[in-house]
Amino acid sequence: MDYLLLQMLNGVQLGLLMFLLAAGLTLTFGIMDLVNLAHGSLYMMGAYIAWTMISWTDSFVLGALLALPVIFVLGLVVEAVVARRLYVRSHLDQVLATFGLILFFNELVRVIWGPAGKSIAVPAFLNRTVEILPGVPYPAYRFAIIVVGAAVAVLLAWLVARTRLGMLIRAGASNRRMIGALGVNIELLFSLVFGLGAVFAGLAGLMAAPITSVKIGMGDDILILAFVIIVIGGIGSIKGAFIAAMVVGQIDIVGRAFLPDLLKTFLSASAASSAAPAISQVLVYVVMAGVLVWRPTGLFGQRT
Amino acid sequence: MTTLATQPLLSTDRLVKRFGGLLATDNVSIDVVPGEIHALIGPNGAGKTTLVGQLTGNVTPDSGTIRFAGQDITRLPTHKRVHLGLARSFQITSVLREFTALENVALAVQAHVGHSFRFLADARNDESLRGPARRGLEEVGLGDRANTLAAALSHGEQRQLEIAMALAGDPSLLLLDEPMAGMGVEESQRMIGFLRALKSKRAMLLIEHDMDAVFQLADRITVLVYGRAIASGTPAEIRANKDVRQAYLGDDGMVA
Amino acid sequence: MIAALRTPRGLITALVLLVLAVLPLLTQAFDQRYLLSIGTRIVIWSIAAVSLNMILGYGGLVSFGHAVFFGIGGYAVGILSAHGVSSGWIQWPVALIAATLWAALIGALSLRTRGLYFIMITLAFAQLVYYVGGGLEAYGADDGLNISRSRFPGLIDLRDKATFYWLCFAALCGTLWFCSRFANSRFGHVIRGAKSNDLRMTALGFPVFRYRLVAFTLSGTFGGLAGILLANEGAYISPAMMSWVKSGDLIVIVVLGGMGTLFGPLFGTIAFFVLEESLPPLLNLFAKGWGEYWQIVFGPMLILIALYARGGIDSLFGQRS
């Protein structure tokens, strides 16, 4: 029972990380109509930049706080140099160009940080467990991710629901032409949204770093999962992205945690342990296919 | 003049379509009999587009039925309606821009000559497609523009091409969604003449903003306001109808 | 036929095909075995690129999971081979049928969606198979599996590099021939019309979904053929052959070569492989040691291609008539 609870918490933690990644993706698509494959590169850059800042300051928190503005600026640069030219282009052009960005960033990381992976240690003050329930310990760092992730999700919800920027974001997601008519500086809005998405992606990357590892291409696979999430949730919908991220997080973690035991009942131990992650990954895609067959524009996507 | 006793070609029976709280089609029952031009008019937002969508199969009505050529087509997919003889032109010019005028019509012909699961034979010189296509282009007056890319045709010519494509399958009913939209006076007059000549062969449901054209062409007019058909009758009757004057045309908006 | 040779496009195309046709003789004459192996991969990838072009170039359907057919074709051959079924007469039809059925299934589900949803669902289905491949412990999981080449006893020996190359080249010619017929057929016109304006095609009376599904399925069959050949080329299968980066590479190749043109995918594949082989030494020439970072140049090149080179290589040869 406790084991199940712990695994479900891990699922929440993974779901929140992926929500951070998916939020930027769904915003850039919803507002700018941009398919940004390079969003995962910003996740990777977040982890690497944080690694440098942390080794520099010798403090996880300080390093992370320094990394975020750098990633924001990086996001603005990517927007100004490449993304901005792509908004009015076809999805195919966007896929092609941002695919090129991925290659560029993966190689850039190799040039700057070398081919070997890096690791970021769990900060000392979080390197312990907290009792989430009496007698149920949980790693403090993972718990911190949940807290930060939830806080950002709430912040984002507030931003979208209550602020002027959020009003424009909602208007833009439902009717792109309308924001132009509102007399808003669209270029600035687009830059801001892109930068914000970059910060969320970078934050997810640096928070994930201590529990995974910092390596080239780390953003690519998780990016596809993030795309799956926004497609399930309905492109452009923050709420949909959140719900889908939670679902995908649970499927992935719980699948990994419990499938091996389940499979061992009829497979060899080694076959079971190699098949289980594959099956839990496959499950995610099956869920997506199911949702799209049922609702071709996702759970909360706009109907045409 | 055909009598209204003729069996209607197309009829809707208490058609209803809601979008959220908005009643876009409110119990609309209209019909088109063979050989007539029935015009559908109404201010912007009256629900004309939604109604057309239901007739063509792009929008599914919430309740009510649509019958065409003696058959219930309420839930029939678009392409099957076309094969029954219900063709349409689009409000926003909708031709295949990368194809020549002739290829556009040839494709329209192809849609009606059996399935197109033919992978190997060259369709570019297929006279069974090109011949009728060429005749179709000539019929709408585009005979000399056959090999021009559709994208390079003038707006008026594209509208004519639209009609040629709709006619390719020899439909019994033409659904014309603002065929005169964006046309100059001269082009409009030519289109009106053309449609009038066509009337003897096929019935038309005409959605049009140009009141001149409507009163010149229509045998019957139905006025749609807020999704409801508030009046239906001959042009003279509609002209005299008080409700129409108030609700739609405004007392001074009447066309001479 | 002869008249076509008078245009730059026709002449270049003929030259490229001629060189490809005699490539084993050339590599033998100049003792460049390595080039034959690259040539073989170019020909196999061209088949996949031509098959993707059928739906992407002619149909406008951005399928981001086409490498999955490398995997399906390859794994069908590999799995049969691992179980001792080495006859190509069994392996190849099974692989083609598997690729065709899978294409029909994912096509039926994916083509209900459009835009980004279509891009992502095709990617997701490819990922699904990729992970399944990585989970197959019996067939090497992530590490892949060495297999023996398909046998056609008494007919040809695929272990002979030149023979295998010519078989691949024949397969490419067959694929190109089909594509050339397809593009101008009634079916091809429907697919191209739907790319231009699918709403219009439906309103003309075409059940567009059905035609697209058949095109998607056919494209999968030829993709499976490429997969069969790829598995035989390296005598090896692994999930990496269907990673999403490979699907991206295939899109790059088609766009680079010229979408919706017959020989564009072939030109694109050649250019792609030539860049891959020549960028590292070129970079080393200018800055020693930078050769291994060639993608730092290739990535921005893709961006520039996406932004400025819409017609691809094919358009360099002048306007199409």
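Order of writing sets the labels: A, B and C. Residues in every chain begin at 1.
Everything that follows uses one rule, which is that a contact is a pair of C-beta atoms (placed from the backbone, for glycine too) under 8 Å apart; a residue touches a chain by one contact, two chains touch by 3 or more.
Quantities reported herein were computed from a predicted structural model and do not represent experimental measurements.
Measuring from the mean of all protein Cα atoms shown, which chain centre lies nearest?
Answer by centroid distance: C.
So which chain is farthest from chain B, going by the mean of the CA atoms in each chain?
Result for max centroid distance from chain B is chain A.
Take the average of all CA coordinates in chain A, do the same for chain C, and state the distance between these two points in whole angstrom.
31
Based only on mean CA positions, could you tell me how far chain A sits from chain B in angstrom?
49
Could you grab the centroid distance between chain B and chain C? Build each centroid from C-alpha atoms only and quote it in angstrom.
Taking the mean C-alpha position of each chain, the two centres sit 44 Å apart.
Check each residue of chain B and list the ones that touch at least two other chains.
none
Going by the contact rule at the top, pick out the chain B residues touching chain C in the complex.
Listed in rising order, the residues are 56, 77-79, 82-83, 87-88, 90, 94-99, 103, 106-108, 110-112, 116-124, 126, 129, 165, 168-169.
Where on chain A is chain C touching in the complex?
29, 35, 82, 85-86, 89, 91-97, 99-108, 110-111, 220, 224, 227-228, 231, 235, 268, 270-271, 274-279, 281-282, 285-286, 288-289, 292-293, 296-298, 301
Chain A touches which residues of chain C in the complex?
Chain C residues touching chain A: 56, 62, 64, 109, 112-117, 119-121, 123-125, 127-128, 131-132, 134-138, 141, 244-245, 248, 251-252, 255, 293-296, 298-303, 305-307, 310.
Which residues of chain C touch chain B in their complex?
Against chain B, the touching part of chain C is residues 178, 181-182, 184-190, 192-193, 196-197, 199-208, 211, 214, 218.
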